Amino acid sequence: MLGIGLFAIGLCLIKGLNQTNMDNRFAFGLWIFLDLTVIALGAGAFFTGFLLYILRRDELRAVINSAVVLGFICYSGAILVLMVDVGQPLRAWFTFWHPNVHSMLTEVTFCITCYLAVLAIEYAPIVLRNRQLRKVPSFLVFEFELHKVMPVLAAVGTFLSFFHQGSLGGLYGVLQGRPFAYRDGFAIWPSTFFLFILSAIATGPAFVLVTTWAVSKISSKRLVQPSVYRILAMVSGWLLVTYVGFKGIDTLVWLNRTVPRTGAIPAQFYAWQPFGTWVLFAEIVLFGLVPALILIAGARRRSFALQLTGSLLACAGVALNRFVMTIQTLAVPTLKFEPFMLYWPSWQEVATFLAVAAYGVILYSLSFRYLKLFPHERDLQQY
Amino acid sequence: MKSSANSGAIIKRRFGLVIDLDRCNGCGACATACAVENNVPPAFPEVNERTGLTWMRVYRAENGRTFPDSRTVYFPISCQHCGHDTPCVSVCPQNAVDINPQTGVVSQIPERCLGCRYCMAACPYHARYFNWFDPTWPAGMEKTLNPDVSVRMRGVVEKCNLCHSRWQVAKAKAAAAGKQDLDPADYTTACAEACPAKAIVLGDLDDRNSEASRAAKSPNAFRLLAKLGTDPKIYYRSNREWVRRLGDADVAQIESEASRG
Amino acid sequence: MRHRGFLAFGIGLGTALFCGWIAFPYALYRQTEQPIQFSHKIHTGEKAGLTCEECHALTAEGRLGLPKLDKCAPCHSEPQGKTTAEKLLVDRYVSKGREVPWLVYARQPENVYFSHAPHIKLAQIKCERCHGPHGDTGSLRPFEQSRISTYSRDIHGRSVLPIRRTEWGSMTMDDCSRCHRERGVQESCLTCHK
Amino acid sequence: MTNVTRRNLLKLAGGAAIGFMASPMPWRLTDELAIWTQNWSWIPVPPKGEVTTRMTACSLCPSGCAVQARCIGGLPVSLRAPAGSAALCSLGLTGHHLPYHPARLLAPVRVTERADALHTNPVRLGEVVTETAAAIAAAKAGLGTVAVLDMRPGRSISWAWRSLLSGLPGGAVIAGPGREGASLATLERMLAIESGSLGLDFEHARTIVSFGAPLADGWGSPRTLQRLLGGSRGNVRLIHVDPLRSPTAEIADRWLPARPGTEAVLALGLAHVLIAENLVDRAAAAKAVDFERYSLLVSRVTAEKAAAVTGIAADAIIATAREIARAMPAVVLAGEDAGGGRFGRAAETAILGLNLILGNAGKGGGFLARPDLPAPFDSASLAPVQDLDQLPDRSVALLLIDASAGDAAFPWRVVERKLIAKGGLVVALSPFFAGTARHANLIVPAPTFLEAMFELPAGFDAPAATLGISAPLIAAREGGADPASFVRAVAAASRIDLPGAWARSEDLIKARVARIHRVGRGSVMSIADGAEKPLAAVATPDALLEALMGGAKWEDAPSPSVQSMKTMLLGDAAGELERISTCATAPKQSPQYPLTLLPRAPRDATASAVVSPVITKLYRESVLRRSPETAVLNPATARELRLRAGRKASLETAAGAIGVTIATSGSVMPGAVEIAVSPGAIALGDMHTAVKMEILEICAIDESGGWRQSAARLVEA
């Protein structure tokens, strides 16, 4: 899988993006949509860090390492894909040299790269705790030092992440040329800025929960206390409720104030199959409110099954939201006399992403094999 | 400091096009002339209407009635050179898009562009095009390229810039004659020049006695998606009410021939 | 033990610095000799007594460049003196009516639209400001071109660092816009790019 | 001295890393690489050189528009219309691309068919000449006849051909089909004009009644279109008969969508109203020997009857007739049948007859007599110029195709039928391995636009004879052959001596110019300053030639009088018209072919063998021109036949089938199916994509070499 993927990447880099099925209308395609999703899910890393180091929820120490690794994978993976997605990767650094401070994308680029650095540093001590490396005295010292600054890093990471999750939302919210995506905002940020933050931190823990569960299934080991799952579910659930609340308000404002002002008619947006109004419903209720309630209920009733379904639904929900913002926005026509369009990714696009996914799995399993991702793993094996 | 005062003299123009849709009969000469002038390469065999490069693109639209009452209108659409909250300018992460203060032209600099295509997502007119392929001409045809326009490489965005190279040439000519500003007769776009029906007019929209500014003020003149508040500098005019409704953004979607079924 | 460790570190550091600072700049540029040697000094001096404008004249379209053969031919129909350059000029070019394929130090890249007219006529900038004082050079230095970017060393900066030792000797975008800013020229990408 | 441990290596690496970071190398490399992407060696670089402006004229169609070329280092990089003259069409704007077209031939080739694909192998020009001579000998020996298919008649090279053929069995020059205004020949027959031809005086017409003449699609001179679209539109009215809601219909003041194939009835119906309401020029009409018969005949076709057949309301027909009579002079054109070909003799006679009863013959704003251009040389005997349908089937042993000055799409089937059973030899003169030349056995590469001197005789729609010259701007390519010298070579090889002292095409053109100068009539119109001076004021033939080379045009003095001994309103189609007038009924569709196939053929798709690859901007790269793979129906028709938009289907006629996608549009006539004709892959310069069966190949055809609308059906895949 990695092989085919790398081949596809090679094609795209050497022959150019004509290898994809993207076109002048679908300037963004599968890659951007999945990047957004992945980064949203990766939010688990910083948010758990935030809960642990800033809010001092020490139970979460059990999953923090795993969360950090996940975050690292998600972010590095996303950046890898982005490098293939842009037409001129060798010029990507222009963004740092000649930045346009008004562009949400600039914010995103800066934050993501910085945060990736932070994650790398957070990753370091986990690596250093490897038995072999512990032999080197200087490394021990280094690790110890790192531990002292960890809260600071967490804080920085949190700030950066909050910011770029927002910017990712802003990415679409500011498109005043696209009434479907455009949102009014507070200060310089459109509402999507905050909604993306909320949805990301809401689903981040859910994703951590899912992965942790998956890993323990595969390795058939108990990795964390059920209580940890419960906290994650609870946190995720309540955040999701808040998110859905705001999302609902935002949608109403958008439909009744923002859109009419642009001269467009909301009904038109959903006049095109397959993107009927059901999308809106699914986004807010089916994959928003429902998982939220399930999660809370699950946490209350100590039912892991519920927690898991809730988490899965929540993750699906955030994916759907990112899909709508990316693909549907481009599919809906703006001019009266132009057609509605659809697009299917080419195998190169899919393969490229699978390669990154594969890289993620490999990196994670290596970390799991050689590093101590779940500190309580040992103790839990006792009984 | 005569020299500095001299070269710093402020010239502010708002060049724009006024396109008379009642004269346009969709011959496509504007699109062809544009491609020749701006070294836009011919299509690869794989290229279709969704991946092509057409700085000036002519859309066909119908009034939605049926034979024999059906009527067709052609919308020549290039970059609309929005003057206010220009959607593509603010989104470009590395300043590859800006507005020339002297002409009001929205620029797109292929050498700076990294090909993220965010500007294309931002443009409501789909007037920006991405180089999905390396530009290629049949052997020998590169001898017919216009030396005043650089050929774009694969992986960057390009679009209409109101034949800016012609503006540069006219400026140089004026400067050689010691004049600060160009002679309007020396500067027109390839599309306006080529239109057999004289349906396209280029002019300074601020210059009260330019033909363009006068036409733009006519009651039947309108701008596409004007309600978005981006103040585009390309005006359209038609005496036919249904055409104006098609161009403006507040009527229900009308079946478009452009959909090709 | 400890001391040897530092030795290793030092060696690494040293080689890297050497490669980066001395070897790299040397390897980066390809040096080519001009087709024939030429002395501005002789032509501007009392020998020929030409002014810059006589050969590098501004056209009505605002173009300015190297003189064509017809400028050289009148005097150089016969070799002026014994130098090989003279011989080459007459045999290879003047007699055959072929233009001399000079390598232009200051040629701007394909994506730049540069016209001398506004700079000379309107802003009245002296040639030396950008081209340096080569009006009185006795010979032509080899043409240096980056192997990677294909840019002439003159336009991309003599130094490998983005620092300028002299007012001239570099015609990067930054140099242009610095000067434009000083003179309060309204700038945008399309002012210079095409 | 030191043992290498892993840790030392680590430290070495660390040192190196820090060292590099502290050196300019990594940073400069990043920069250089970015700049490298801006100057990729495989991205074409435009030419350098000084800018010049040169004048010439476009030879790509008979209109011969003036052209101002912007040249860099002497080579044209863009073409435009000089100030004050008609703007160029997409073909003209890209004409300077053609010398570099991928289909361009640079050496004589033999065409062979292997694995049902065409291949070319280079041959020496000598071989072509000897084989042609051999074929001539064979023809003389009784194998068959010799004919030349002249795709651009009226050029002086035609005289060379005609004198070459004069001695040969059945030797004739066939005027290439698919020419605009070919129908004028019918009018000439009706007026029994021996010498010269008819010229059309659009300039002074106040009404243009166009039966399917696609004026807005580049039919005739662009000047006409620009008059119709331009500001001065006020003084000319356009009445357009066309089942297609075509661009011409869009700009027409009145649009009459007559059912395809009922044009003749509509014309007779109009004639009926004109005569019945006494709106005709009796004096002029009475000149016709068969006026009585004519009026009797048309009296049968009442407005109501015409309405029933054509599907146009009776009062609309009456109103139109009155409108015409109100805004005289009104010229009536027989353009193209809904299939893009000629109407056929009966319909043409009926339509053009209107001109005669309106008294347009020899009147300003109508048809003027137009003396032919002087021949380039005198010759005792010349082979006749004929239409394709005058040529008997299975007769031609040697067919020479002269596509050197342009080509036109037409169904090869009609030509193939003329060749002798075991298919005679076909030799083509063409710059491209495209269009008509693809059907030849041997191709001699002629120079193309801008590579050689081309003469531009007036198009059919010029009131008086004119001559312009397209001057070369590009040196002719190596391996090309000059048509005239080819004629000479063939003549020499088969021991035919040709009159006149000419060796190359230029000589012929110069000779003709000299003769025009001797005639001394008319005036010379300069493009540069728009000044018009009498020819008498031009001192020498060379001065005239120089002027013409500089973009000027010679225009003959108009001579309006049409002296006609025997005007026939019913021409030679009386019988058929009788039938039509008595028993014409609305065309019925056969149950198995319920649809009428109407191909839409814009000029740039059919008027030339190749177009600039950049024309893809109008076809594949945008939706301006419909895709040739899209069959468009009226929504009602689609519902009736249970065809769904977006579905793949096969479009079938008696002649064949092609794969299409179904689309619906209100602009299509119920019961019709529209398909766009577009330049094929080869015409657009794509030599690798396999040549597809094209729409025109499945249309019905007529003997004169045109396409007709055809009965068709759509079968969903």
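We just call them A, B, C and D in the order they show up, numbering each chain from 1.
Going forward, a contact is a pair of C-beta atoms (placed from the backbone, for glycine too) under 8 Å apart; a residue touches a chain by one contact, two chains touch by 3 or more.
This structure is a prediction, so every number in the text was calculated from the model and none was measured.
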| item | value |
| --- | --- |
| Both-way neighbours, i.e. chains that touch chain C and touch chain A | B, D |
| Most centrally placed chain, judged by C-alpha centres | B |
| Chain B-chain D separation of Cα centroids, rounded to whole Å | 32 |
| Chain C and chain D: spacing of chain centres that average the CA atoms, whole Å | 54 |
| Chain centre separation (chain A, chain D; CA means) in Å | 60 |
| Distance between chain centroids, defined by C-alpha means - chain B, chain C (Å) | 37 |
| Shared-contact residues (touching 2 or more other chains) in chain B | 48, 52, 59-60, 95, 111-112, 134, 149-151, 153, 258-260 |
| Chain D: positions in contact with at least two other chains | 33, 36-38, 45-46 |
| Where chain C touches two or more other chains at once, by residue number | 61, 63, 110-111 |
| Set of all touching chain pairs, with the criterion as stated earlier | A-B, A-D, B-C, B-D, C-D |
| Residue ranges of chain A touching chain B (in the complex, touch as defined) | 16-18, 22-25, 27-28, 85-89, 91-92, 94-95, 97-100, 102-106, 109, 171, 174-179, 261-265, 268, 271, 329-330, 333-341 |
| Chain B - residues contacting chain A, complex | 44, 46, 48, 50-52, 59-61, 75, 77, 85, 87, 90-95, 112-118, 120-126, 128-134, 153-157, 224-230, 245-254, 256, 258-260 |
| Touching residues on chain C, where the partner in the complex is chain D | 4-17, 19-21, 24-25, 28, 61, 63, 109-111, 146, 148-151, 156, 160-161 |
| Residue ranges of chain B touching chain D (in the complex, touch as defined) | 23, 25-29, 31-37, 39-40, 42-43, 45, 47-49, 52-54, 57-60, 62, 64-72, 74, 111, 134-147, 149-151, 153, 190, 193-199, 255, 257-261 |
| Touching residues (chain side chain D, partner chain B) in the complex | 37-38, 40, 42-49, 72, 75-80, 86-90, 93-94, 96-97, 99-102, 216, 218, 222, 225-226, 229-231, 245, 247, 250-251, 255, 257, 612-618, 620-627, 630, 632, 634-636, 645-646, 661-670, 681, 684-686, 688-689 |
